[in-house]
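Look for subunit A in each of the two complexes below; its partner is subunit B in the first and subunit C in the second.
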Partner chain A sequence: MSAEGFLTISDLNAGYGDARVLHGVNLSVGRGEICAILGPNGAGKTTLMRALSGMVWVRGSIGFDGADLARRSPDTIARRGVAHVPEGRGTFMPLTVEENLRLGAFTRRGRGTVEADLERIYTYFPVLKTRLRQVAGSLSGGEQQMLAIGRALMSRPRLLLLDEPSLGLAPLVTRELFRIVRTVNEQERTTVVVVEQNAHLALGIAQQAHVLESGRIVLSGTADRILQDEKVVQSYLGYRV
Partner chain B sequence: MSERTNERGAFANAGSEPPGEDRTREPAKAADTPPRAGTPSRGRVLAPALARVTPGRRGWIAVAALLAVACYLPFQLVPFRVFQFTMVMVYAVALLGLNLLVGHAGQISLGHGAFFAVGAYTTAIMLDRWDLPHLATLPIAAAVAFALGLAFGLPAVRLRGLYLALVTLAIAIFLVPLLKRFESVTGGSMGLTLAKPAPPAWTGLAEDQWLYFLTLAVAVLAFLLAYGLLRSRVGRALHAVRDNEAAAEVMGVRLPFYKTLAFAWSAMFAGAAGCAYTWVIGFVSPDSFVVTLSITMLAGIVIGGLGSFSGPLLGGLFVMFVPSISQDVNDAAPGVIFGLLIIVVMYVAPTGLAGLAGRVTRSTKNILRKE
Partner chain C sequence: MTGFLQQVIEGLGAGAIYASLALALVLIYQFTGIVNFAQGELAMFSTYIAWQFTAAGLPFWLALALALAVSFAGGMLIERVVIRPVEGAPELTVVIVTVGLFIFVNAAAGWIWTFLIKDFPNPFPGGALEAGGLSVGYSTLGVLAVVGVVMGLLYLLFQHTKIGLGMRAVAANPASARLVGIRVGWMLALGWGLAATVGAVSGTLVAPLLFLEPNMMGGVLIYAFAAATLGGFDSPGGAVAGGLIVGVAETLAGAYVGFIGSDLKVGVPLVIILFVLLLRPQGLFGRAVVERA
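Up next is the complex of A and B:
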């Protein structure tokens, strides 16, 4: 675990209505790091992401760059520099690619910087530039995921939350996506928390990893160590390396 | 492309740009040329440029043509027809507001007629009590409706779907008895009779023509305002709320704020339409604003085409002319024909008349291109 906690979650409980999903989660992510959250279905990975962006009820504290994000509204958290790419992408289907991207910069004003950011996004995702006037609903799954990530980057986030970016995508596309996430992380020093079923891929780009099961963190460590721990891989991630 | 994508395309296309453009095909053209990093191919440069200039210009040409026809119309028709087209524009302005709320912000209102009535009565009372000049009543009626819309928009922050529909319906239900109550101000069930704005001598227009042009001015103003609103950052926020509330929220769109504001704006347009209504009819009574007015308006905008700019106009034409034309068929027919036509239109054109028009234009163009 990193000494300097850019994002420090302590004793976090979260859930929906009467149902508590997370039970006292503690974890810390350093500035500029990529942190992978792994675990089986129903472990609470998505709930953890939603807790971070204020979409579910939360008890405990979420320290983010000196502020506490717990119990803040989603739009306030977004303004603080947290960008959430939700599971299933959350692209605005009837809107065009460009409108989707511009919505990403909603928290910021100022035309010039938005135009510059659009260009910046196109360098990461050149395919989006060829689709600007197309409605998002007509994009392929991979392109939609690229759009969702590009849209999140439009807000110039300090923390990027990626929820299952590989969901329903071809392996080749997924690998490309993770390569781009890595590049963004390296070039912009954006801290990334990524929830992923495909543990191998996520561990490939992450420095730290945490395994979540039944709403609790059962294992934390460097990505390399978790990858080498064959027992872990078998019992928590469900396949042999 | 599948039927579904096509329709979604038509819907979105009509969403935020002038009517008569095709957004789904241009990018498909651009998509044909694979992007090659570094070397900008001809397709890459040309297609976006075409997509950017042509459809917008085409839309404005259509608008200009429509305006020209609209200015020509009152000199060619008998006064009763001129009156009917005036009412089409009154409804169009009200539907424009409803479209903002339902088509663009994805909320529902079964009480839009109440804000229309508020605009109409505010105007009537101002004319009746204080004898204000007609034009001065427009901003006041719009402002009063805006304020009330803001107040009644608050439930929308917490409610959605059926629950919101019910609350907005309640607004429409309690309004009529309320109007009958304060007889000294509202004229009770007898209503108020008012002087219509007189055409200035220099125009040389008859009264019906003058009313027509006044309403046309209100309509043009309202459409320009809505156009500007929807093209702005605010318009994008509304679309985001409509398409995916959760995603909108995590992008920093404050849901309560924009939902309430959508209600207030929609009420403002209804108020302005109500004001024009009072100018044109010269009479208001509670019976003109019964609950069915709100329902008819919702039907009008759904039939016209939600989320499109031509939708309110087409809806206005539908709401005005279908009952009056079917009356010529049979005295008992209007209700039946109106209802049946709603069903038929929804069946044939689920995206409304605007969506249907878009589809017809597209397929015609496709046929022409093949030949």
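Up next is the complex of A and C:
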């Protein structure tokens, strides 16, 4: 656990309608850290992300830089500096790449800074600059994921939530994405929570990791420790590292 | 040939009116997936408001501007109060609500203004532009110009303003729109406000040609449905093109197809709806969504 507690989740319950998916989750992420959430399918990883961005009902508290995000609406949470790249990327398919990126900065004022941020995104994802006028729906899966992360970064988030960024992507593309996420984290001190099936990749860039199973945190620790604990990796992540 | 062109021009004039109401239908459909059966009645109500202002002695264009402003606010209010509670309900529920709104607005207009027809002033001069054996009424030209301006303004709004971009984002993916901080509820209300405003333009264009009475828009709504179906319910440009095509088709069928004449030409939009749905359900300009996984 981090001492600073930039994001502090306490006794968090969350779910859909009558179905409760998360049962009393506690975790804390320090400012500027990358935190990986691991666990099998159906463990509640995506629900945890959705709880953080206000897309599902929650009980408990989500302390974020001095404010409580629990029970706030998604647009309010977004305005507080939380950027959620949902599973499946949430791209605005009929809109162009540039429009998608500009939407990331929707809540911000000041045209000059938006133009500067666009340039900043192109340095991370040069391929997007060559596709500006193209409709987002025509991009490849990897390009769409880059667009989704680029869109999130356009809001200058203080907390970046990445849900399964590797989903459906070729291993090389995934590796490139994770490298960029780490660069962003190092250069902009953006705090990142990443949900990932590919535990090895996620642990490669994270400082802290938590293993979620059946809606509960069953293991927390530094990424190194979890990576080295072969028994843990085998039993919770289902394969040898 | 001159006669044929003359008919085409008449058709375009009528079509521009269908186009404007179709545009209102498409605006709401794009954002909410709702086909608003009350669109015509809202337009009729707006027209009464404009009439009320002119009856109070205001000049026509000022009366129109005020009526448009009231319509915009009214459209937003209806979204907030009537539509919001059924947001996310099954489509049929929402359709029934708009049908209920249709009946309510129709009855309310009759209650306030009675069902007796009223004369609505025509803002355009009588007479016609004569050229090359053709005669184009100033009224027809005026209608075409107004619809052109409305389209242009909507284009500017959607393609060149931040709020327009936000509205298109809501139409494309409401969940993601929330995640980038867009207040989706307000965008939907804005969509209804815009649609009510465009509908109000349509009503004030129709009223001088027919008479102002509570059932004035019933027929026009059918043509607007045909126009939106033909052009594609998700395509504003398509709705306008669809409106013009329907108007021309109706006029030509009435003039040249013997057994249709002026009695059966009301059937033309229904035939168009039927064939579009059979042959190209997304409409001429509608998107059959193409996406890579």
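Here, the second predicted complex is superposed on the first by the 241 of 241 C-alpha atoms of A that agree within 3 Å, B and C clash if a C-alpha of one lies under 4 Å from a C-alpha of the other, contacts with A are read in each partner's own complex, and residues count from 1 in each chain.
As a convention for this text, contacts are C-beta pairs under 8 Å (C-beta built on N, C-alpha and C of every residue); 3 or more make two chains touch, one makes a residue touch a chain.
Computed from a predicted structure; not experimentally measured.
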{"item": "When subunit B and subunit C are modelled together on subunit A, clash or fit", "value": "clash"}
{"item": "First (subunit B), second (subunit C), both or neither touched by A:R131", "value": "first"}
{"item": "Touched partner set for A:G168, first subunit B, second subunit C, both or neither", "value": "second"}
{"item": "Touching partner for A:H84 - first (subunit B), second (subunit C), both, neither", "value": "both"}
{"item": "Which superposed partner A:L95 touches (first subunit B, second subunit C, both, neither)", "value": "both"}
{"item": "Subunit B versus subunit C as contact partner of A:D75, first or second or both or neither", "value": "both"}
{"item": "Subunit B versus subunit C as contact partner of A:S61, first or second or both or neither", "value": "neither"}
{"item": "First, second, both or neither for A:R151, with subunit B first and subunit C second", "value": "both"}
{"item": "First (subunit B), second (subunit C), both or neither touched by A:S140", "value": "second"}
{"item": "Stretch in clash, subunit B with subunit C, out of 45-53, 63-71 or 81-89", "value": "81-89"}
{"item": "Residues of subunit A contacting subunit B in one complex and subunit C in the other", "value": "53, 55, 73-75, 78-79, 83-84, 86, 90-95, 99, 102-104, 106-107, 137-138, 151, 155"}
{"item": "Residues of subunit A defined as touching subunit C within the complex", "value": "53, 55, 73-75, 78-79, 83-84, 86, 90-95, 99, 102-104, 106-107, 137-141, 144, 151, 155, 168"}
{"item": "List of subunit B residues in touch with subunit A within their complex", "value": "1, 5, 8-9, 11-13, 15-16, 23-24, 26-28, 30-31, 33, 35, 37, 44, 48, 51-52, 233, 236-237, 239-240, 243-244, 246-255, 307"}
{"item": "Sites on subunit A touched by subunit B in the complex", "value": "53, 55, 73-75, 77-79, 83-84, 86, 90-97, 99, 102-104, 106-107, 109, 126-127, 129-135, 137-138, 151, 155"}
{"item": "Complex interface listing, subunit C residues touching subunit A", "value": "162, 165-166, 168-169, 172-173, 175-184, 287, 289-293"}
